[in-house]
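Following: one structure in structure tokens, then a few remarks.
Letters A, B, C and D mark the chains as written, and numbering starts fresh at 1 in each.
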Amino acid sequence: MPPAANSSSGLSRLRRIESSRVFQTLVISIIILSALAIGAKTYELSPLANQTLTVLDFAITLFFLVEILFRFAAFPDKKRFFLDGWNLFDTLVVVGSLIPLENSDAVLLGRLLRVFRVLRLVSVVPELRFLINSLLKAIPRMGYIALLMFIIFYIYAAIGSLFFARVDEVLWGDVAISMLTLFRIATFEDWTDIMYVTMEPYPFSWIFYVTFIFLTAFVFLNMMIGVILEVMSEEQNAKQAQKAHDERDDITRQLHSVQAQLTALSKQISQNSEK
Amino acid sequence: MPPAANSSSGLSRLRRIESSRVFQTLVISIIILSALAIGAKTYELSPLANQTLTVLDFAITLFFLVEILFRFAAFPDKKRFFLDGWNLFDTLVVVGSLIPLENSDAVLLGRLLRVFRVLRLVSVVPELRFLINSLLKAIPRMGYIALLMFIIFYIYAAIGSLFFARVDEVLWGDVAISMLTLFRIATFEDWTDIMYVTMEPYPFSWIFYVTFIFLTAFVFLNMMIGVILEVMSEEQNAKQAQKAHDERDDITRQLHSVQAQLTALSKQISQNSEK
Amino acid sequence: MPPAANSSSGLSRLRRIESSRVFQTLVISIIILSALAIGAKTYELSPLANQTLTVLDFAITLFFLVEILFRFAAFPDKKRFFLDGWNLFDTLVVVGSLIPLENSDAVLLGRLLRVFRVLRLVSVVPELRFLINSLLKAIPRMGYIALLMFIIFYIYAAIGSLFFARVDEVLWGDVAISMLTLFRIATFEDWTDIMYVTMEPYPFSWIFYVTFIFLTAFVFLNMMIGVILEVMSEEQNAKQAQKAHDERDDITRQLHSVQAQLTALSKQISQNSEK
Amino acid sequence: MPPAANSSSGLSRLRRIESSRVFQTLVISIIILSALAIGAKTYELSPLANQTLTVLDFAITLFFLVEILFRFAAFPDKKRFFLDGWNLFDTLVVVGSLIPLENSDAVLLGRLLRVFRVLRLVSVVPELRFLINSLLKAIPRMGYIALLMFIIFYIYAAIGSLFFARVDEVLWGDVAISMLTLFRIATFEDWTDIMYVTMEPYPFSWIFYVTFIFLTAFVFLNMMIGVILEVMSEEQNAKQAQKAHDERDDITRQLHSVQAQLTALSKQISQNSEK
């Protein structure tokens, strides 16, 4: 048996293992275990429990390393492995948690990277992967609306900072902090407290707040409606086109047979007349 | 007359009574009375009123016991009575309020069980039962979105607990309490108060809050749109399929008669030519 | 000329005046003037302005009285005048503000009745009347959902009052005040403050709040989706039925002419064969 | 070459420049630079930076002046230049920032006008211009609903001011301030704090707040549903009309050919019989 065929049959065996239910379930279980370990670390634990968690963390890191190597080995075209966003993400998370970190700041970073392991659940469960992909597809639709929203925020932040900076330095000090304050107002979070303060030097400043709330609510509402309509019309187009086609096909087929019958009839009459 | 037929005719009489308007109205009235009694108990009452309520409670418990036994007796296939979720629920609530409870903790539990009697209204009024069933049907649709939401909450809770635990032990102490805090933030409830505290040691922690709010709002919005679209397309499919069928049928029938006419014509010509 | 015809022509002249643009505009202007007068009274005014307002109020009351009498006179079938909800409402508001009120409590009531004059704008502007009618039509659709919501509120209020009454008498004292507190929680208004207080004696009471918020949000969301779908399918049904009918009619007509041609052909052949 | 042709060819050259990608990108870049300069001014800066910003501001003002003159020169029909809302807006913003302002109040006004330069981004980027136009189109649809909302607010404000003015002068002092308070209640912003205060003299004043919240939420919900349905049915009408037409055309064409065949057949038979 030539080596190429051997390797190919080995690869297909690897892929069979990789896509098997047992392997998938094992990976998901380890990810959930990893998530629980991350959660457990936020509680105050006995030294023994802490040591157990350290060992567990090492074991999980090792498992993930082996798993990603295995998936790489099972991948048919090695060069294109990292072109898939999910593979790249998995590799980065795994490699990231391999780097040994000693000083206290780095420990925080290391633990942060471990948190992202939970996201691997998304890359492993196909339904979640599909969901995320469809959510990502919804983003460009919102592009120009987001830009418009940003312009509205920027203009109001500039105006707010221009007039109210001397009233409340903390909330309206500069354009950046003003945008955060406006985001707070857009969520209706204690916005009247902010308004009552600025209404003392500027009695008409309620116009600023009320128009801002109306504008953002109005633009947001229109964005939502726009997205609903777009998704809906896309789906309907696809579906109705299909259905209309099916229907028409049916009638068209019948009409063709009518025409065929007519042609036959015409021939029949011709033959009759020739006789 | 054989006993079986006798029992069967007795059963059908029971069922006639059970499904009669008078019986239904009586049961609903007693449930509402029971709800009012539960409400009345939350007020401070005179000893006389309290005694009256105790007697009333006893009477209601008795009535519900008799009613459930009656419904059981009227049920054709006794073995499958408890397979229906509503029957099981009714029985549990009735049996639960039968258990005599003396010490103060148990009294609380007994009163809690009596509260659930109000839910029997749902099991008795068919429209509400239908509504609940259709709400329950909507849950699986939201399954994976709920899982995704949980993952987002878990990751943010882990990160929040990792960084902010030493800033505010009460809000970010461990991963569970952090998730509750995040739920609070998702409802916009005084979220800026939480943010301003953590922005002192971590000036860039607003990114944590703003991205979290965007993510949850975005995922929630997409879930809502998804559900609307799904329900809508289901309904439309059913309706349009029906309509399209009707339409096509009509035209098809006419076309068949055209073809029949053509066949008759062909035969007529053949006969002519034979003559 | 007989008196009946005379009265009828007088009536039609009255109706012509009533439905004239000038008359409508006059009534709307007076209502707006009345609204402004009501608003003006909430400010501190000079004695002169107050007197002017009193005179103006008297004049407006008189005008409304004359107007309603005029409308009554112009109405063809006097007996059915009060069967129209809008007429009844207008009459009540006008008659109500006629009653002379002296003591201070009654003055408040009199001013309250004058406020409702603004609502007459709705009864006079046809577009607003149409809008209100269509809003009223939307209510029965929400009937059973509202009942379900009430049951959820009642059960949670009973449970809340049962457990938390001794923690915070003001918020959970009895079942009525508990329902108000729950309504507050449903609007996310400082709900965590309430929760943190009850979490001290009952650490797991967050389950009470989180499940309540989920339930109400879920039921509300489903209600909204339900209403959207219902309205939409109603509209579409009407529209599509019309369109499908038009389409089918067209094709059916053509098919009929094909059949007629065939019948003619058959006759032609018969005649030929007879020759 | 006659001067007219010369001017016309000059104009078309100007327009070619104006609509070129390079020119568009330059204008957008300058607007963004202008926005950044406005933002930078809200920070505390060194004198040097301040001077740089002043020079930059002068340069930007000059650039915008040249640009608007250039656009005016490139416009074919000079008289109709200002009939386009966007051109008028651009001109006003540019001219406004030309006026030299010395005293401190005017400086504020001058800076306010510079803020509106950011809005020029909307007038320059075609996608944003399209978005704004479609948002503006959505406003009339909401006209009567907005009027109804205003009436509801006015009535509740009058009632609130009538009863609660002596309880809390700041929140319910007059009808205008009451409307602002009601807007705050409609956003659920600390509305229970307001309610608890008025519930002391008027224990039933919760009815005022709860009915107001229900009414506004209900009207708002219906408005949203109304807008969704209207936009949707408009789009569908357009699309389905097109599709139905296409479908019918197809079948109709086939039916015509059937009829043509039949006519030919009839002729054929006639000829046969004549032979």
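Convention: a contact is a pair of C-beta atoms (placed from the backbone, for glycine too) under 8 Å apart; a residue touches a chain by one contact, two chains touch by 3 or more.
Keep in mind it's a predicted model, so treat the numbers as computed, not measured.
Chemist: For the two copies subunit D and subunit A, is the contact made of the same residues on each side, with over half of the numbers shared, or of different residues?
Modeler: Copies use mostly different positions to touch.
Chemist: Just curious, how far off is subunit C from subunit A if you go by their C-alpha centres, in Å?
Modeler: A distance of 41 Å separates the two centres.
Chemist: Mind checking the centre-to-centre distance between subunit B and subunit C? Centres are C-alpha means, answer in whole Å.
Modeler: Centre separation, subunit B to subunit C: 29 Å.
Chemist: In subunit B, what residues contact two or more other chains?
Modeler: Touching at least two other chains: 188, 190, 228, 232, 236, 247, 251, 255, 258, 262, 265, 269, 272.
Chemist: Once the touch criterion is applied, which pairs of chains come out as touching?
Modeler: A-B, A-D, B-C, C-D
Chemist: Applying the document's contact rule, which stretches of subunit C touch subunit B when the two form their complex?
Modeler: Going by the criterion above, the answer is residues 144-145, 147-148, 151, 154-155, 157-159, 161-163, 165, 173-176, 178, 188, 190-192, 206, 210, 213, 218-219, 221-222, 225, 228-229, 232-233, 236-237, 240, 244, 247-248, 251-252, 255-256, 258-259, 262-263, 265-266, 269-270, 272-273.
Chemist: Would you pull the subunit C residues touching subunit D in the complex into a rising list?
Modeler: Per the touch definition, subunit C meets subunit D at residues 35, 38-39, 42-43, 108, 111-112, 115-116, 118-119, 121-122, 127-128, 131-132, 134-135, 138, 180, 183-184, 187-190, 224, 227-228, 231-232, 235-236, 239, 243, 247, 250-251, 254-255, 257-258, 261-262, 264-265, 268-269, 271-272, 275.
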